[in-house]
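These notes are about the structure you will find just below.
Order as written gives the chain letters A, B, C and D; numbering starts at 1 within each chain.
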Amino acid sequence: MVSVTVWNEFVHEREDEEVAEVYPDGIHAVLADFLADAGHDVRTATLDEDEHGLTEAVLGDTDVLLWWGHAAHDEVRDDVVDRVVERVHEGMGFVPLHSAHYSKPFKRLMGTSCSLKWREEGERERLWVVEPGHPVADGVGEAIELDRTEMYGERFDVPQPDALVFTSWFEGGEVFRSGCAYRRGAGRVFYFRPGHETYPIYRNEEIQRVIRNAVAWAAPGETVDVEFGNVDPRE
Amino acid sequence: MVSVTVWNEFVHEREDEEVAEVYPDGIHAVLADFLADAGHDVRTATLDEDEHGLTEAVLGDTDVLLWWGHAAHDEVRDDVVDRVVERVHEGMGFVPLHSAHYSKPFKRLMGTSCSLKWREEGERERLWVVEPGHPVADGVGEAIELDRTEMYGERFDVPQPDALVFTSWFEGGEVFRSGCAYRRGAGRVFYFRPGHETYPIYRNEEIQRVIRNAVAWAAPGETVDVEFGNVDPRE
Amino acid sequence: MVSVTVWNEFVHEREDEEVAEVYPDGIHAVLADFLADAGHDVRTATLDEDEHGLTEAVLGDTDVLLWWGHAAHDEVRDDVVDRVVERVHEGMGFVPLHSAHYSKPFKRLMGTSCSLKWREEGERERLWVVEPGHPVADGVGEAIELDRTEMYGERFDVPQPDALVFTSWFEGGEVFRSGCAYRRGAGRVFYFRPGHETYPIYRNEEIQRVIRNAVAWAAPGETVDVEFGNVDPRE
Amino acid sequence: MVSVTVWNEFVHEREDEEVAEVYPDGIHAVLADFLADAGHDVRTATLDEDEHGLTEAVLGDTDVLLWWGHAAHDEVRDDVVDRVVERVHEGMGFVPLHSAHYSKPFKRLMGTSCSLKWREEGERERLWVVEPGHPVADGVGEAIELDRTEMYGERFDVPQPDALVFTSWFEGGEVFRSGCAYRRGAGRVFYFRPGHETYPIYRNEEIQRVIRNAVAWAAPGETVDVEFGNVDPRE
């Protein structure tokens, strides 16, 4: 059992009827549900809560943080971002989804612009497993097919991942590194591309499987307690 | 529970009294014991057995294979090596220890000479954890100290590891990438340097912890079944 | 100026009229021409020559070896393969092209099956630059378009590249890691996917540019002379 | 010829007599001299200059930026840091030296704390080449010996480098990943550990050789001009 916090800016679902139909209780509710069904201890947090729901107490008790944001990246307070980044360095897992490529914590952890190409025309996407031996691909078939998605295309301006697990093909002619694993500090980060506010992608069972795998993979073990700074010689 | 096979050439222990005192039942027996204590299903296999104890049936039922060899690398039959390498490609974990850097299966999986510097003077070694967020370092302190070891020094002629977990310091002035993680095919490989036939290193509890971690990390999940060869278009 | 040897099995061009029309003097001749035009010192070698044209003298004088093979991989002598692999370990650059993913030297250097999906239907391919800061992508646009190619699709069973430079999109729905950079021993290896015996891909100027870049990148510098084996302490 | 800018906070040399004796014109002057001798076009810039000497014009004309800072990291203006980071993303090479592991631009590019262990007792350091095929190790021997250095020890809290070129051994018992290559955006970053304000390390010819190699390696080519944002389909 992993202690999971699902963070969602929770903006589209309350402002746009089309989104509300797909995710009436918010994207976070759907993510939380299937992770709870997998036996994890799950809470949610949203932008409009005090400290965005990410107090020191909540983060201190979080093993893996999922992040969904799109319209309100800039409204996330910098002190909360500092806290998230620091917790990742200490060992907390971090799983930014889809448009969270542009979230403050992900950009801070990557050190790059995290820019990409995009297009919203409901194209077909096929996520190919390029690293079948990686735990995040566990039990997934050779490829996951999504009938209608927003396109994200290369160049995706991120550091070379420690492991590239998925690469997407898009109907319109682009490719994308859709599943990228990193370690930052003592924490593990898995960026996973699929998701959208109007295509019901988080209800897809194969996508749910990958997210469950990512949570299991990103959960910290008994992390080494490192001493930094001025030290005495060992010899 | 992981199905583990511990392979040992089992030569030194029967030919050299000094070795026999440290490992009276063979190095494999000590490795098998602490892995069985960790709840794994463990068998052993040795060079003098039929097919070196690595029949198709045994390998087919092995999740993770540990390998110890030193004096008799050349006596390992090439058809058995083929079988081991193929099983790693299919997903079997492989954990070569110490002088197994020169074993046939490891060299085949690496594609390099796997050469290194060495010296046998009972020097002190200190294995520093350089990647504390990696599962193989789980629960290990900042460094493991070994009072008397054989030295292995860089340049260690292996491909850049997918993750470098440990780096050793040696009294005589060398360093060594002591814990190297790779994926090859669908299988995971963890080379771990410590070990020797006369220094009782596999009785060290911290070393045992790393080897237990390596077994857990290398164990295959539900590996993707990949179709190779001529295929029809998806579109 | 780099000393380049272009190796070609030179089978299709002599047995198949359609191929002979595209490459009347062999694929090696076209490759050699544009590399010579770039100012390099270029020789060619083919399967039917003595020692396949890859004598110790030739390899000893080669900075970068290009390799094209398809129909006759198995006819390449193992002792010549040993020699090629050893020279790569010593620092010689190696650039296997297209179907050379299944060549003996490449498979030996990778330690994996190097299998992939394929289909020969003259589909469109688009090679996206995923790592624009890599020297092999120098001066290339965002993507290279090829109207008619043989498809290669993932899973491509190779080790994770040290740098992934190109990823291909195919009309039929697949993706492929088309430009993969590795170091093996002191040598640099760049696998580049495009090429075919009947599509005139090596006459494409952008493809030529990438191959010229790969040769420049793979050329050895003043390689460190490493001492392996038993050594005295530095302290 | 590469257009190089050597940045130095230039604090110690003016406040501390001992430092002034080693580097009477500042550390930047010594770095600039040997790089100019190598045929590069070199300018220097320091903290007390207007915009720290790193105006848009200067950075726009810089291929590779070297950075030395120690006592005054916090005094570097954030808008100048933004500019440096953005230029790296566009393709400018960046070579932070020694205590610049804690400089603002390096920390921003890494996304981690960049913390480490340290000790100032004039210990012996030996930098082992672990990746002899990397251009930054070109022409360097197996190891560089430095008689008196400040110690930096692991855990060095940086992302896994794209290539690890040097690993240091220290008399007091530590190891350190001393030469780390990264790509960030289109730019190349090489962190190189040696250096100090009172040990005359930048007068050492082997250290100078590595820094010259790093400048050559980090210099941008004809970088791909990437289009980010909303795009039309290619198909």
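Note that a residue touches a chain if its C-beta (ideal position, glycine included) is under 8 Å from a C-beta of that chain, and two chains touch if they have at least 3 such contacts.
Note that the coordinates shown come from a computational prediction; the quantities given were computed from them, not determined experimentally.
Asks: Which one of B-C, A-B or A-D makes the same contacts as C-D, at least in over half of the residue pairs?
Replies: The same interface as C-D is formed by A-B.
Asks: Copies chain A, chain D: same or different interface, half of numbers shared as the threshold?
Replies: Because over half of the interface numbers appear in both copies, chain D and chain A meet with the same residues.
Asks: Measuring from the mean C-alpha position of chain A to the mean C-alpha position of chain D, what distance in angstrom results?
Replies: Centre separation, chain A to chain D: 32 Å.
Asks: So what's the Cα centroid distance for chain A and chain C, whole Å?
Replies: From the centre of chain A to the centre of chain C is 37 Å.
Asks: Any chance you could list the residues of chain B touching two or more other chains?
Replies: 126, 129, 131-132, 142, 153, 155, 160, 162-163, 171, 173-174, 183, 185, 224, 226-227, 234-235
Asks: For the complex, give me every residue of chain C touching chain D.
Replies: For chain C paired with chain D, touching residues are 91, 126, 129, 131-135, 137-143, 145, 162-163, 171, 183, 185-188, 220-227, 234-235.
Asks: Would you pull the chain D residues touching chain A in the complex into a rising list?
Replies: Counting only chain D, the residues touching chain A are 85, 89, 108-113, 115-119, 121, 123, 151, 153, 155, 157, 159-160, 162, 171-174, 182-185, 224, 226-235.
Asks: Can you list the residues on chain C that touch chain A in the complex?
Replies: It is residues 126, 128-132, 142, 153-156, 160, 163-164, 167-170, 173-175, 177 of chain C that touch chain A.
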